[in-house]
Amino acid sequence: MLRFALGRLLQAIPVLLVVITMTFMLVHSAPGGPFSADKAVPEEVLEALEAQYNLDQPLWQQYISYLGDVLQGDMGPSFKYPGRSVNELILSGLGTTAELGMYAMMVAIFIGVIAGVTASMRPNTAQDYVPMTAAMIGICMPSFLLGPLLVLIFGIHLEWLPVSGWNQIPGDKILPAITLGTGYAAYIARLSRGGMLEVLSQDYIRTARAKGLSEFLIISKHALRGGLIPVVAFLGPAFAGLLGGSFVVETIYQIPGLGRFYVQAAFNRDYTMILGTTVFFATLIILFNLLSDMLAVWLNPKLRQQVRGE
Amino acid sequence: MAALLDVKNLKVHFHTRNGLVKAVDDVSFSVNAGETLAIVGESGSGKSVTCYSLLDLLPKPPAKIEGGTAMFDGEDLLTCDKDRMRHFRGNDIAMIFQDPMTSLNPNLTVGEQLIEPLIYHPDKARRQDRATAKLRAIELLNEVGIVNSERRFDSYPHEFSGGMRQRVMIAMALINEPRLLICDEPTTALDVTIQAQILDLIKQLQKSRDVAVIFISHDLGVVAGIADKVLVMCNGVAMESGDTDKIFYHTENDYTRRLLDAIPEGAKTMANRAQSENLVEVSNLRTWFKDFSGPKLNIVKAVEDASLTIKRGEILGLVGESGSGKSTLGRSILQLAPTTEGTVTFDGTQLTGMSPAKLVPWRRRMQMIFQDPYASLNPRMTVFETLAEPLLYHGIADKNTVTEQVQQLMDDVGLARGHMRKYPHEFSGGQRQRIAIGRAIATKPELIIADEPVSALDVTIQAQVLDLILELVERHNLTMLFISHDLSVVRYISDRVLVMHHGVLIEQGDTEHLWANPQQDYTKNLLKAIPLADPKSERARLSS
Amino acid sequence: MKLTSIASSSTLISAIALCLVSSLLLSGCGSSESNVEAGNRTGTLHWGNGTEPQSLDPHIATGVPEHHIIKALMEGLVHKDSESLGPTPGVAESWTVSDDGTVYTFKIRDDARWSNGDVHNAHDFVWSWWRALQPALGNLYAYMYFPIVNAREYYMGEVTDFDLVGVKALDDLTLQVTLDNPTPYFLQLLDHYSMFPVHQATLEKFGAPDERGTRWTYAGNMVGNGAFKLTSWEINRAIEVERNTFYWGNDDVRLNKIIFYPTENTTTEERMFRAGQLHYTNDVPIDKVATYREANDPALRVTPYLGTYYYRVNIREPHLQDKRVRRALAMTIDREKITENVIKAGQIPAYAMTPPNTRGYYPPISLSFDPEAARQLLAEAGYPNGEGFPVTEILYNTNEGHRKVAVAIQQMWREHLNIEVKLLNQEWKVYLDSESNGDYQISRAGWIGDYVDPNNFLDMFICNGGNNRTGWCNEEYDRLVLDVAPRAKTHEERMAVFTQAEQMLLDDLPVLPIYTYTTKHLVHPSMKNVASNIMDQQSYREIYLEGDQD
Amino acid sequence: MNSNSTIMAAEKGTSLWEDAWIKLSKNRLALVGLGLLIFLCVISLLTPWIAPYGYEKQDLLMGATPPSAEHWLGTDVFGRDMLTRIMWGGRVSLMVGFIATAVALAIGVVYGAVAGYVGGRVDAVMMRLVDILYALPFMIFIILLMVVFGRNLLLLFFAIGAVEWLTMARIVRGQVMSLRKQEFVEAAHSLGLSQWIIIRRHIIPNTLGPVIVYTTLTIPSVMLLEAFLSFLGLGIQPPQSSWGLLINYGVETMEEYPWLLIFPGIALSLTLFALNFLGDGLRDALDPRTAKD
């Protein structure tokens, strides 16, 4: 297992390097600098500022020195927030976003798996079509629409839940989690349905029946294990994507998360911040893909033993 | 006395989108305790459906039981409700399935699966705690002949060989001391030697426990030894039933007769057409696989140091049990599997180490027929497309002539021209295999490697396909490497035989010569294990 | 397959069902007491503050959100009266102005203290202003100091000795400031955060005085002289300030605490207000304003703002060089329709650059909505009935309001002048880039006054002024604004000069004024003493909360 | 199995696609979906002639009026007829949806198929490349595109295709990896067919199922993505509009003027359902194993 993981991590290094390089070139060639404002900025001020952030050096020098810093784990100072380092900012948002992502995932898995399994138990009946159609809608329901809807229903009219913020548990966690989770719930529903149908057609399910086990046991003990493997494979990328895509939700609900930084940085041309967040998310994507692969291995006893045997 | 199970006028219909299929039509039979009933028939004869319907294991819809009764110990299985049925399942009536590879849950330890009937027993009273259940299970594992069962209890199915898994299945079936044991083709997926052992086991257990057994098989040879009574089915209808000797020795029914005749027996009838010239020379061939499937790479030594020659015009049989590496050897010769060491020479030219591009003209001259006619045909290509592809690609035919040539091929392999535009799934297994054969001979090859071409087919079909192959070899003057685990088939078709064991060629010789006096013990066992459609000798063999 | 029909019909149901299921899961965990209720109990003001502030360093900060917070944490020599905007005592308890209006002498109050208890005196100002003028600091508001003798020169490096700059501490409690010219609005400038004093010891503790963004502004580090002190700063979450007990006017301050929320999404902000999470919103979504008006909800406060929304015309574009064309364009913008029917947020149609009544200044009226005359002009310019008039592009940065105005004007020009107009929206920074590169034809712009004086609006358009960006240049205009006006003896004389200058601007129309901004806030009834003035300045010293409302 | 149509097919010598059509024409829901799509497309094509009003015709005094006799779907804040706006919006959205998805489809399928079939190092490299593209900051990328190439619809398609194909590639790759091991592929190999032919004739056709399903899900999300790009300045400009934009504006005012959200929403959902039914239908139709009934 270790070797497997290490191998993948080694592969990640060139990937990250390319990501950094390309992003670096992208941001520096994007129009509008970090300090441009609607009030004219006097030449001398601009020079002073650029000198402060070594923007006056030739690009390749900036690139080299940036790489150097990154290797030492320092992503540099933010241009937009003087005195704040990118590391600091990312850290400040990371916890929140991770938390949000976790809740969203929980919602997604909970609803998704239940819907998918229910559907798979009676394929091509109403019990199948209803949740699956809902799933279809969920997939295409943009969160910028779902979010406000939920807020208006549960926040303003029913006054059950706070409309924004990130202070209480579970109060203001619920709506964001649902808003962010729904799309993924829908995907998971489709995946788990497919997986379950596959497994339920297997001989060993018939064996289980012949043994006189109850339907519940058959589903929960014999089928789920294999039926959810596609879901597991999906989880990794999904979680990474979910963290990256949390921007809309974070804005709707005023959540101090990473997604906002990611997007704002782009709008502000906060070079170091863009690079920082990008690198960070790239790492996440790679890590989570690796994790879900390892999980998939773990779920398969055959592969697991090879791992043990190592 | 009343029979343990008494089935009368059973009718099962399938209401599919393609209309109604009468899977079982008015079938009656009965079994007494301690008695073995064999239900014999080819695929689609409804033999399995009959038994599944007893335990309500059929998918409904499309299946629907239209009529009949199945009195088990005075209760009708067909009408009882779900809970009652769960009491019968795995408790009074247990079942063993055909493919032990897929019939065990790969995600649970065999132990866990073994004790389930005990710890989740439908009536709470008879439930057992894990500990006692485990003891019982281990005891049974020993009984079905699994060594150091305590340790094996916690292993996963993939750690067992096919035969071992089937033993586990049997143990699982017997764990609640059922009174009726239904075996659905329990040995079909197994090698001959294993098959013999399993048959043995079942027979013993039945004796010791005095259970009733329903033994489903497509192979009369298999049941000859163990059945007291035989029921022959065809297309859902009972053809003939009666006690074994009567069926085997004095059958009145033509269908039964055909089944018996279809069993390949005796030596090859056709003359050996082998010429002196070697078409293929393989020397010290070694094929190893890197297995990436796991996170840890492990090397599979499929073929070890194989040397052989195939003479032009001969049919060379290659026998061996599953996993012996015989298929890999075949593929290696065709350069379909990457060879690790050694050389393969075809018609004087060395193929090993040739670039794929260079190989193309050679591929035309050597073709392959695969075991599974279902998997080896592209489901999205019609017969026409499948057959036309090689013709056009190798420039054997052009746009104008292709249709006619395809029809030629179809005639050759005995397919109706009208079916040219059908898709594989619309054909039966036998017809599919004919298509596959057609594709193989399309390029007018000199060498054909047939990898278990008939082992997925019913006996009668098998016989037809074998004859077809012989005929084609004759007509097109083909050279063939015929790979099979079924010795009777190999004997029936090949001039010379190679025996492969654990990736090594252990013995070879002219077929009849080898049959007469095999050198290796392994070969001897193989030959001994071949089931014969002769109850008397079979009984003798099993009891020995 | 047949059953799918059921599915499609039951789609909505199931969707709703999902909502309900989830709602059931989470019902009952609504928050008991709203922010506002709690705030009214504890004297805590919940304030929607737009975006996350970039910096709280008064010499670095630039935006309005920063302004709101810094005003709570610091103060200058003087304050503005929240109604009349006239100067009132700040750190200086009194001041005198020399007869020629160039020398100001401030008397620092002796009970002035920093929030850590340190004595606060005239030397603090001298040092702070020295710091504010360090080029390396990159202070965008350095020009606020330029009326002071040699300030500009020092900033530009032409003068290196700060003693030559016109700011002296005569003694601990007396500060003397000397100006080049009598600058009537100078006292106002002192209330701008860029001229606030900073605590020398603290700054030096955390880095060099001219080092940008040291950590001295962090919660726990920062030392100010305002009515409140910074107690917590959670990025993108909230900034909390609490009563500063060392503040000289502490007894009059009635709020105990203010929490500033970064609410960059106005829609969300409005919902927060409705859910009782805010006392005061930074803004109101334009689509919502109308609704509140119709309901004439007292919570909505709309006040004219010292700012003008206008279009820049790129004089460098051949077909826009002709001022008749520009006039025609200006005359076919139906400003009433735009303010009444499109944005509906009480904006006032603007026919000049400077908003009316800017310290008693009323701009000349020479512009009107007159399609007839406009077509006439366009014809004279060689485009009878718009024929041959090149396709013209309106550039604006992505924003709902800008979009609406642009769409409306596009339509008006097509209708009245029969000319082809394209819209082009760009992401903010790209837009800034194109605009300052003169890479546009007509572009949306806005200007918010830094201080209440026509000068602040008119000196934008001097030749090559940084904020001019239209390519328009008129020496005479420059002379009036830069030389004549400052030397004017009386207020009237000065205003006359500005009127003359603005008339020139309106004759040439390098810019097309559209409307005067309004500030839009939602104010909770329990919030008292909320000022409404054209600077949108609130005095936290006066605001208080009254519980048991609604 | 139902022999008639099969035999008929046999005599006529139908191809996979002709069969597909025969089967599709028997699938009521799919036909409904197809009909609906065709209807929408026809409407958008004819819009310039049949639209009740000009799509930019403003009547500021009639701003934001609810549905009425003369304005069936009400008017927006500029008093422009919503029905007209939606019809014109459909032109853009449908075009973007279909073309951009087609681009993504083309790239994704080929890329994924090659990666999955060749496997080994090539596969690893190709997939890492996908990872990289996933990681790049999309917004900056778009802004750059816009600046470098200026604005035009082609660019929009390119931009959207550039992101959407990644997932498509992954899905196809997964499929192909499993197909590659199938015997019929090995058979094709043993016939000496070239890699490319095997991929084209034997691999890709067998990945159709999941690809179609994913495509039907992609098109709507592409339509929404277009709105986002238009906000960034790429894509279309007012007074032109698209369903995505209309929905975005609608969300802003969903309390004040709900009809500004509902009707564009309905238009999009209709398309979504139509696509989904058609998609499922096609998937079944293109799979010979499902009977032609």
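Should a chain be cited, it is by its letter among A, B, C and D, assigned in written order, with residues numbered from 1 in that chain.
What we mean here is this: a contact is a pair of C-beta atoms (placed from the backbone, for glycine too) under 8 Å apart; a residue touches a chain by one contact, two chains touch by 3 or more.
Computed from a predicted structure; not experimentally measured.
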item: Chain with minimal offset from the mean of all protein Cα atoms; value: A
item: Pair exhibiting more inter-chain C-beta contacts, A-B or C-D; value: A-B
item: Distance from the mean Cα position of subunit B to that of subunit A, given in whole angstrom; value: 48
item: Between subunit C and subunit D, centroid-to-centroid distance (C-alpha), Å; value: 45
item: Distance between the centres, which are taken as Cα means, of subunit C and subunit B, whole angstrom; value: 84
item: Mean-CA-position distance for subunit D and subunit A (Å); value: 24
item: Sequence positions of subunit B contacting 2 or more other chains; value: none
item: Sites on subunit C at which at least two other chains make contact; value: 1, 4, 8, 11, 267, 427, 430
item: For subunit A, residues that touch 2 or more chains besides their own; value: 30-31, 137, 148, 152, 267
item: Subunit A - residues contacting subunit D, complex; value: 11, 14-15, 18-19, 22-23, 26-27, 29-31, 136-137, 139-140, 142, 144-145, 148-149, 152, 262-263, 266-267, 274, 277-278, 281-282, 285-286, 289
item: Touching residues (chain side subunit C, partner subunit D) in the complex; value: 1, 4-5, 8, 11, 267, 285, 287-288, 290-291, 337, 341-342, 398, 400, 403-404, 406-408, 410-411, 422-427, 430
item: In the complex, subunit B residues that touch subunit A; value: 55, 57, 86-91, 94-95, 97, 99, 102-108, 116-117, 120-122, 156, 158-159, 169, 172, 293-296, 298
item: Parts of subunit A lying in touch with subunit B, wherever the complex brings them together; value: 1, 3-4, 202-204, 206-214, 217, 221-222, 225-226, 294, 297, 299-303, 305-307, 309-310
item: Subunit D - residues contacting subunit B, complex; value: 1-2, 6-7, 9-14, 16, 182-184, 186-195, 197, 201-202, 205-206, 286-289, 291, 293
